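Questions regarding the structure given below will be posed in turn.
Per-chain residue numbering starts at 1, and chain names A, B, C and D are given in the order in which the chains are listed.
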Amino acid sequence: MNIWDDVISAEEQKAYAAAGFGRPSGLGKRPALLIIDVQYRTVGTARKPFYEAIKEFPTSCGEVAWDAVEAIVPLVEYFRSRGWPVMYPHVAPKVGTEGGRLAEKVPAIMDVAAKGYEFPPAVAPRPGDVMLPKKHPSAFFGTALCSHLIDKQVDTVIVVGCSTSGCVRGTAVDAFSLNFKVAIPQECVYDRSITSHKVNLFDLGQKYADVLPTADLITKLQAIA
Amino acid sequence: MNIWDDVISAEEQKAYAAAGFGRPSGLGKRPALLIIDVQYRTVGTARKPFYEAIKEFPTSCGEVAWDAVEAIVPLVEYFRSRGWPVMYPHVAPKVGTEGGRLAEKVPAIMDVAAKGYEFPPAVAPRPGDVMLPKKHPSAFFGTALCSHLIDKQVDTVIVVGCSTSGCVRGTAVDAFSLNFKVAIPQECVYDRSITSHKVNLFDLGQKYADVLPTADLITKLQAIA
Amino acid sequence: MNIWDDVISAEEQKAYAAAGFGRPSGLGKRPALLIIDVQYRTVGTARKPFYEAIKEFPTSCGEVAWDAVEAIVPLVEYFRSRGWPVMYPHVAPKVGTEGGRLAEKVPAIMDVAAKGYEFPPAVAPRPGDVMLPKKHPSAFFGTALCSHLIDKQVDTVIVVGCSTSGCVRGTAVDAFSLNFKVAIPQECVYDRSITSHKVNLFDLGQKYADVLPTADLITKLQAIA
Amino acid sequence: MNIWDDVISAEEQKAYAAAGFGRPSGLGKRPALLIIDVQYRTVGTARKPFYEAIKEFPTSCGEVAWDAVEAIVPLVEYFRSRGWPVMYPHVAPKVGTEGGRLAEKVPAIMDVAAKGYEFPPAVAPRPGDVMLPKKHPSAFFGTALCSHLIDKQVDTVIVVGCSTSGCVRGTAVDAFSLNFKVAIPQECVYDRSITSHKVNLFDLGQKYADVLPTADLITKLQAIA
């Protein structure tokens, strides 16, 4: 029983399985938590339905974001209790000269109010966390994330935040390419399309990451000495 | 009328549109064609249904691959007639020491027969084409693709091949992040899941690339002086 | 007559020439100026001899920095008069969690006062310039510099600033690898060792860049239509 | 007493020391050996003086290369005895379409005979070693070297081969930026200019790597549990 079963048909899942995809990668011994783009600009300053939420920030995802934040809280607290690294790749405020292709595809994204770049208190960064301002989908692109992970001898990245079909996916693909083990707790990521959310989790689980319930992930993390 | 309309609901599409996604990026003046992973390992040596095809190569995509190859032919011929660069990011034969995370997620992918790495004649490379052996989803990862594009002063990449949800997508996201304009002719890419194929085209079209019919793309290319 | 002639013997220069090194790359048609690390931390707030200067900032280079700033002024003004891009890769303030190997090799570099990160007015950034905070030698490492250069269709980078043996060289090597043409106006770069300065200019000129007097470079730039 | 003492004056070394450069980084617990470009094209097929050697391959370095190969032998044997990874970033044969800036700066480098790309038997790769064909100075550029190092949980790279002022330096700077500890055994690297060789070792030792006698390095490696 997978979150994507109502979108990806049994026949399609069978085709992927027959071709040998979707085996588990497992966890290593030194995980880091990457909390991606969980800022007011995707969450909103108050829980509201999607069409209300985008009146505040066009990039807001509405209620699914609030549900995900609630799911992230115990995970980040567990990481802090273990002293494991928590890193915050996050959207840096846009500058007029730096639009590039993004300003063409999504012009509204260039005008988000300053408040949108702040973090909801429940999952906000604390002193000592690594802050990684970024301007592209993958948290590795144009940042020193890889250097930080190597410095802390991380072998496994847990990716949470948003959007599932954007920065979460881009980050997971690069982490996989760099040979980090990747796990995605499915309640901790969110998107403005539920179909795209589910299909991206399917893609990620088939090829790049272990996608699993947050509770199962915490159990597996607890088994790390 | 989009290829993804039967999978992504009108309501979901409305949500993305309301948030401002999906504007066109357009083409520049110096395009390059990236033909990704169109090798026997994904096409098969003969047109066969999917479950027949994977008996030859577990990574084969079956009939959709043959349809895509047919669609690619006029595009690559048009590029050659204009003298524009045609580049071949392709899967390099796997070496035992180099499995990494890929060998964990998709172990069958490590044992493809040598024949699988050859190119179908209809869209095979010619002398002077840039060959880019790769080991990861994105054609930019661990290759000199970006150096080649800069050397040839390319401003636009046309991405074709497979899989839509794997290397095509990974390449398009990186090309977008590097500020190349990206276009994907929808009949020229293929995947072993039709749902994933459509949703990935939706994602790409909303955020990273212009997704359009091949005939429309060729018309737009003809308008380049 | 080269700036390195008193350090690299005629015999050594002959050996490089015999092996075929050191041909000119020339300029392209769309140059960008990269002003690297010209901040008070390397220049000092007033012109002082080296051992006086490092009392203010341990990373200060003393009088050679002031000479270089004077040489940079007409170059940056020429770029502004042509409307060509001027970009500022610069050292971002150090954060305790982010020391990595740098904090091991050069611990003093972690404690520079905030004033040290500001720019001398004569060559300071203006609105519309691309700002690139960085934490590593090469201006390309962990930044979106390459994306900016592609967005602006740059084919040639002019590298100035400091140090010749550090960030100037690291940036030039990466620019060369990416297939940008690279030119270094020799009076516009500086270092805390004159020997290392000269030998690095020799290395750069032999393999990666055209090293030439600033006046000659401006003449060549004036020839660009 | 350092190898660069006759080139970098005491006064210059004092200036670097006063500014806080040149502290040791030390070794970690999981080293990898990178043998860079030790191929006939830089060594020659027989020990000959420089001007004789370049008649065989213009990129040959002459007798210093043979001395370095002799110094590398016990180091690579020690790595093999410990089962630590040995990796071979090496120059891939040049292809006409791929010259880029390199073909402009060093045209002779494009025409090296096939034999030049082979490895001298004393330090040749063995089955299981990671092979990394490359086309640029840094062994990280356009290769999957970083992915391999992460896969093998390497925290320290030992860089040997040639040239000191080219690929050795470029690789060391990138390894440093990625937060790997870097060590360079000084007898195991070589260059066609002795001055450039020494000054590059000085630069590397001041900012990016621990430069030390090979015997001292082996002693330190023996202390790793």
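Going forward, a contact is a pair of C-beta atoms (placed from the backbone, for glycine too) under 8 Å apart; a residue touches a chain by one contact, two chains touch by 3 or more.
Predicted model, so just to flag it, every value in this text is computed and none were measured.
Shared contact partners of chain B and chain C, listed by label: A, D. Although chain A and chain B share one sequence, what matters here is the overlap of their interface residues, and that overlap exceeds half of the numbers used.
Chain A and chain C have centres, each the mean of its CA atoms, that are 37 Å apart.
Centre-to-centre, using mean CA coordinates, chain C is 25 Å away from chain D. For the pair chain A and chain D, the distance between mean C-alpha positions equals 38 Å. Counting partner chains per residue, chain D has residues 100-101, 136, 141-142, 147-148, 151, 177, 179-180 touching two or more of them.
Here chain D touches chain C in the complex through residues 7-9, 12, 15-16, 18-26, 50-51, 54, 58-60, 100-102, 104-109, 136-138, 141-142, 165-166, 170, 173-174, 176-177, 179-182, 192-196, 199-200, 202-203, 206-208, going by the rule given at the top. Considering their complex, residues 146-151, 153, 155, 177-180 of chain C touch chain B. Against chain C, the residues of chain A that register as touching in their complex are 95-98, 100-101, 128-131, 135-136, 141-144, 147-148, 151.
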